[in-house]
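Okay, so chain A shows up in both of these, paired with chain B first and chain C after.
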Partner chain A sequence: MLVRLILQKILMLLAVVWAAGTLNFFIPRLAPKNPIAEKLTQMAGTSGVDPTKIQEMSEAFNAKFGLDRPLWQQYLSYLGDMAQFDFGYSITKYPVRVADLIAAALPWTLGLMISTTLIAFVLGTLLGAAAGWKRNSRILQILSPLIMVFSAIPFYLLGLVLIYFLAAKAGWFPISGGHGIVSIPEWSWEFAREVLHHAVLPSISIIIASIGTWAIGMRSMMVNVQGEDYMTFAEAKGLKPWRLFLRYGMRNALLPQATALALYFGHVVNGAVLVEIVFSYPGLGSLLLDSIKLFDFPTIYGIVFILTLTVAISMLAIDLIYPLLDPRVRVGGLNG
Partner chain B sequence: MVNRRTVLSCASVAVTIVFTGMNAWSQTTVPRNRTLIVAGQVEAPVYRNVGLANPYSINNEDYRVSIINMFEPLFYYNSNKNEVIPWLATGFDYAADFSAVTVKMRNGPTWSDGKPFTVDDVIFTLEMLIANGNGKKDLLNGAGLAAAVKAVTKVDAQTVRIDLNQPDPRFAFKFLINYFDVGLQWLPAHIWKDAGDPAAFRNFDIAKGWPVTTGPWTVTRFTDNQVFMDRRTEWWAAKAGIAPMPEIQRVITIPGGTRDRMAQMIASNQVDIISDIQIAEVVRQLVTQNPKITTFTGTNAPYGARDWWPTSLYFNHKSGKWADVNVRRAINHYLDRKQLIDTAYAGASEATFSPFPGFGSLKPSIDAVKPLADKHGIGVFDRARGDQLMTVAGYKKNAGGICEKDGQPLAAIIEAIPVLNAIGPVVAQQLKNSGIDASFRSTPESRAIMRDGKYDLTLFGHRGSISDPYASLEMYHSRNAFEVGRPTLFPARWSNADYDKIVDEIGKLAPDNPKIGELVVAAMDIWMREAVEAPISEWYHRVPMNQTYWTGWPTEQNPYMQPSFWYTSGSFGYVLPRLKPAN
Partner chain C sequence: MADAAPVMPASTEVLDGKRPWLIAALRYVNRNPSLGIGMVLLLALALFSGLGRLFVDVSTAAPLSAPPGAAPGPGLLFGSDPQGRNLLSVMILGTWLTIRTGLIAGAIGIVFGSALGLISGYIGGRTDAIITWMIDVLLTVPAILFLVMIAAVVQTGLSSTGMALVVAALAWRKPARAVRSQMLVLRSTGYVEMAKLSGGGPLRIVFLEIVPNLMSFLVSSFVAAVSAAILACVGLEAMGLGPQNEPTLGMTIFWMMEFSAFLRGMWWWILPPVTILIILFVGLYLVNAGLEELSNPRLRQRA
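Presenting the complex of A and B:
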């Protein structure tokens, strides 16, 4: 029974990946643009391409990248390539392989997003738990609306405000980039300090904007939990308030938060695209945007495929792990 | 017993060892006052093509602001002085009928790996490109060379003969002499012959010292946001006494990002030179507020060096809307160039009346066609005359003041690429004020619309003549008047058989043939009479240069080269050894 259920889930995962992959293939093709012709037009305006030979060169490059074949043939090749994780060559960065581009951008995005997500999760959850537990606290009553306001502000807008006040006006932080313009990336304390310094503003903008989401979720869960019978029973037993808060309140309220966190990690690879753009941060989001602007199909396909896969796998993992965390959602329960 | 304190202590020690150890391998640092920092405008916030040093790849936009300047040409050309500067070669001769060019190489240049630069390298480069132009067509310059060259032959150890498919007295200026975005990069045959597919060859390996060039630099770093070019210890040109050894020890090129960002960086002395800022008022503010910043024209307008891209308003000659010459001439009269320049460029430019940029070598042609421009009203603002011509064309102004014919108002969208956003709305408004229902549009699609000939009117430059008038004239030859849909960056798509005959005749004559003068006048008489386009203004590259760390930049007083470091000719390589430390 369990094996069958797992197989069903895996089949569902494959179906989701196929459907998303198919959309991923066709949506960029809806635009009536040929990346080769665009590139060569640009080159003809600046160097080395005879302005009257754009068509001939376009035809040569279309053949090279298989863009001259019927769309259905390109689609079948695409499915085969994705199944083998062969993303091929980037058109706008040829002869660089898409996998190499993703590998170079990924650490910046993961570094930024994992650390900020964890910090925002911990702070937001604690704040939400406290707000739900002590609903009469004056400080928390002031903080709660503030948190809600910040959670409604997009990352990038907050980023612009931070750049203006803390970078441009106060000069405390750099305006953009992942490190200084002339520094050499190396394993040194100095460089690590510089990277952290550059990461402060993008991190703060993400943390402030997402802390509220975690806090609001946790607060409502805590309010629900407080009304449960086992809480009344524990209180009647005379347990200390901090024990009630931590072991009975937070522990039970945390489960949906943990689920959301796991889901969120599936999206981490997406990066905060706009934050990366605002801060000229060299992550996956910037790479994706750049590829979309230039209609670099192989790079778009590679990145979106990775994003699809991470989200789908994280959802599968949650489906499989959840019953272990919560006895109420066991396989038997599903049958019942 | 392993407790938490033990684990933390061990982790701290391990991290310290890793960081200290790795730091020992880190790159040597060069003092700031021996480092030149260049902020080049590339499209992305970071370099896209890390580790690509193939000069013939179509994806060379990162490389062209940096490594391209390591390659040395056979000849440089300084348009400021109309001067050909022999470099890897000492001279060239044409056959009497211009069916071949014989090039004499210099004795002594060496590649950065110590091997001699020879005539075989020149032959290898040409033959590789020609083979590609005849076959795969995936390298820059391949198609053009394949169309022009019949054979390349080694005459002796110092001499190469290039036989042409058609007599061409300008072949050297098309391929052998490097200036602006014209010219070739010569490749070391001993490396490239084993490269396999030349379009897929990255030509980059720091451990092997690649790219191997004849210039005084070697690439020591190429990441997504930095290119380091370090000075080599030896350089053949310094030994030969034709150039000083560079005093710059390291050139760092970084992606400059937006113009605002680049302006901030040079204003705060973080970088030494940045890409074209374009907006004259911004450059004026830079040179006013930071006395260390200068431009090609110092602190005076136009704050830059003239480019080969004078701006015109193009009519789409494949569209019936502009079939009547009276309408085209009227639009020429409706444009007030002075107001355009004052409004869009804060007065920092010059009006034009022909497609020629105002380089000294073209001055005789420009002066010769001035009376024709006056006669046909090209470049002359005269709204009343324009109204008369519109009446002759059968237009009347309707109640809204818009010209109308057979009940149809004359409306037009002016397409332009973003770099012309400053001037576009002013042109549209001037036309509107004169009765043409014009609007300006600059979108990501505008370049493609213009390229495919699907526009009404477009603002664009030329990239034609620099040293002699033929290149600009040739842009209007009927062979370039493609049908709508076929891409070209010669937007006019105009054709005239009489004009073609004259241009063909000029094409057969050497640039210094005195007969060319009268032929230019004859061709331009047709061009002006037909009001092929509406010339507007010169184009300047406004490149701020910072003198905090480096002096000796090219200027109007010392115009030894163009300061534009992104030209694919690699002409900035000529500038680098001539920069002197400020202290």
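Presenting the complex of A and C:
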């Protein structure tokens, strides 16, 4: 049963990756003109770029995309390249490969996304659990609507507000970037401190806006759990309130939160892209913006593919952890 | 932002009529404050944009119509940007453009999405399984990334209506998923069985028996779809992928970042679009929460 479940999830992952690759292939071809060829002729027209280099590039692109072959052959070889993370060359930074550009930016994006997701998940879940448990607490009654309203605001708008008040006006944090302009990335305490200092505002804007999402779900689950018979029984047994809260309340209310976590990754990728742009954070979002501005299509496609893959893999990871949390799935009691 | 507040008292005075349904509505809003506050926020924005153009010459939203980079002053309430746009006019037009784009994309999304959801849920069986699986796959794909690709390809000469259509291309997924699961619940209810037994055709059953019962659910899905569409549009515009010749709020944010308004201390360029968008998103969220409570009264007891 468990094996079947895992196979099903892996099939889902492959389908998502295939869908992303296929959309990547066909969307540019829906356009009346080939954007890459157009960009290259445009670059050849404007002076400043060596014509022989342009010639070399367009040959490389023609060989890469095999524009003379039938469409289905192009499609198959494209899928093969995607599977090997071969996105070709960047147009604007030729001869740098797109995969290398992405590899340099990916750690920043993943670092920001993973750390903020974890912090927001823990804080939001604890807050929601407390709000559902102690429904009479004054502080929580004031705090929870406020936090829910914050969950409606897109990350990057909060980011802009934070930059204005805490960076531009108060000067506590840098306005943009992932590290100092002059410093060179290295493994040192000094550099690590700088990176953390630059990461504070982008992280806060993601965390504040996502705490609410977790708190809302946890609060209503906690309220539901309290009505269960096993809670009444545990209370009657005379268990300590803390034990009741953690082992009986939290433990059972946490399950739907884990499912929500899987769905949340797509949301956080959408949001993190714009947060990076707002903060000029050196991750994939900023790389995406630069590529859009310079019409560097191979890089745009590469980023879209990698980010979709990131979402799909995170979802698979959650799906695989889920049976460990919920014994019923292991035995095959839930939807199979 | 300072202009949005004074509008609100006026709108409540209008509601102070003597008609009984109004009193009933007000009593209900009193019990469901998020619906009331949300409506007031959205109404304030609508009034700002609707009445604003009666008092301000909105053609000054075009570049070179005001002294460049001027701080707010008597003749120029919101100041201007370095390209000489009167920012008050930009906000008045941009608010309307943003809401309109959201309404178009949200409407297309909810119509196509619920049609697909109704069909899938009504037919059931293998067709339903395949459609649902496909929707699930597409839901995994981060929307903004694919919208970036579409917008980057069609880029030149995109109008704000075209923008709405681009966003609508992915706006149907969530409504389809949600309507389908509601359909599954309703399909097996007694009155639908009854209608089937009395010989009603599928169209008759779906439109006369099922859709009326889903109405409040569809309305709150619509509000959620509008909000998601606006989120996507403004995001694309902030990346410089929106319409180039129309003064949208997202484009203002894009230019503001390009011209490093933060370093120049041009707060009048930064805060108005951000504030208007925050009011819009919070308003839509509260209305949606209120509508959910309206359609599912059990939530009320929990609160």
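The rule we apply is simple: the second predicted complex is superposed on the first by the 245 of 336 C-alpha atoms of A that agree within 3 Å, B and C clash if a C-alpha of one lies under 4 Å from a C-alpha of the other, contacts with A are read in each partner's own complex, and residues count from 1 in each chain.
One rule holds in what follows: a contact is a pair of C-beta atoms (placed from the backbone, for glycine too) under 8 Å apart; a residue touches a chain by one contact, two chains touch by 3 or more.
These numbers come from a predicted model, not from an experiment.
In the superposed pair of complexes, A:257 makes contact with neither chain B nor chain C.
Once the two complexes are laid over each other on the shared chain, residue contacts for A:297 go to chain C alone; chain B is not touched. In the overlay built on the shared chain, the residue A:210 is in contact with neither chain B nor chain C.
Residue contacts after overlaying the shared chain place A:144 against neither chain B nor chain C.
When the two complexes are overlaid on their common chain A, residue A:311 makes contact with chain C while staying clear of chain B.
Of the two partner chains placed by the overlay, neither chain B nor chain C lies in contact with A:116. Residues 175, 277, 293 of chain A lie at the contact with chain B in one complex and at the contact with chain C in the other.
Residue ranges of chain A in contact with chain B, taken from their complex: 33, 37-61, 64, 92-96, 104, 175-179, 181-182, 184-189, 192, 277, 280, 282, 286, 290, 293.
Residues of chain C touching chain A in their complex: 133, 136-146, 148-150, 152-154, 227, 231, 234-235, 238-241, 253, 257, 262-263, 265, 267, 270-271, 274, 277-278, 281-282, 284-286, 289, 302. Of all residues in chain B, only 18-19, 21-23, 25-27, 29, 35, 37, 39, 43-46, 48-52, 56-61, 64, 136-138, 140-141, 143-144, 181, 199-202, 221, 223-226, 252, 254, 257, 261, 264-265, 270-271, 417, 444, 447-448, 451, 463, 479-480, 482, 486-490, 568 touch chain A in the complex they form.
Listing the residues of chain A that touch chain C in their complex gives 12, 15-16, 19-20, 23-24, 27-28, 30-31, 35, 148-149, 151-154, 156-157, 160-161, 163-164, 167-168, 175, 220, 223, 266, 269-270, 273-274, 277-278, 288-289, 292-293, 295, 297, 300-301, 303-304, 307-308, 311-312, 315.
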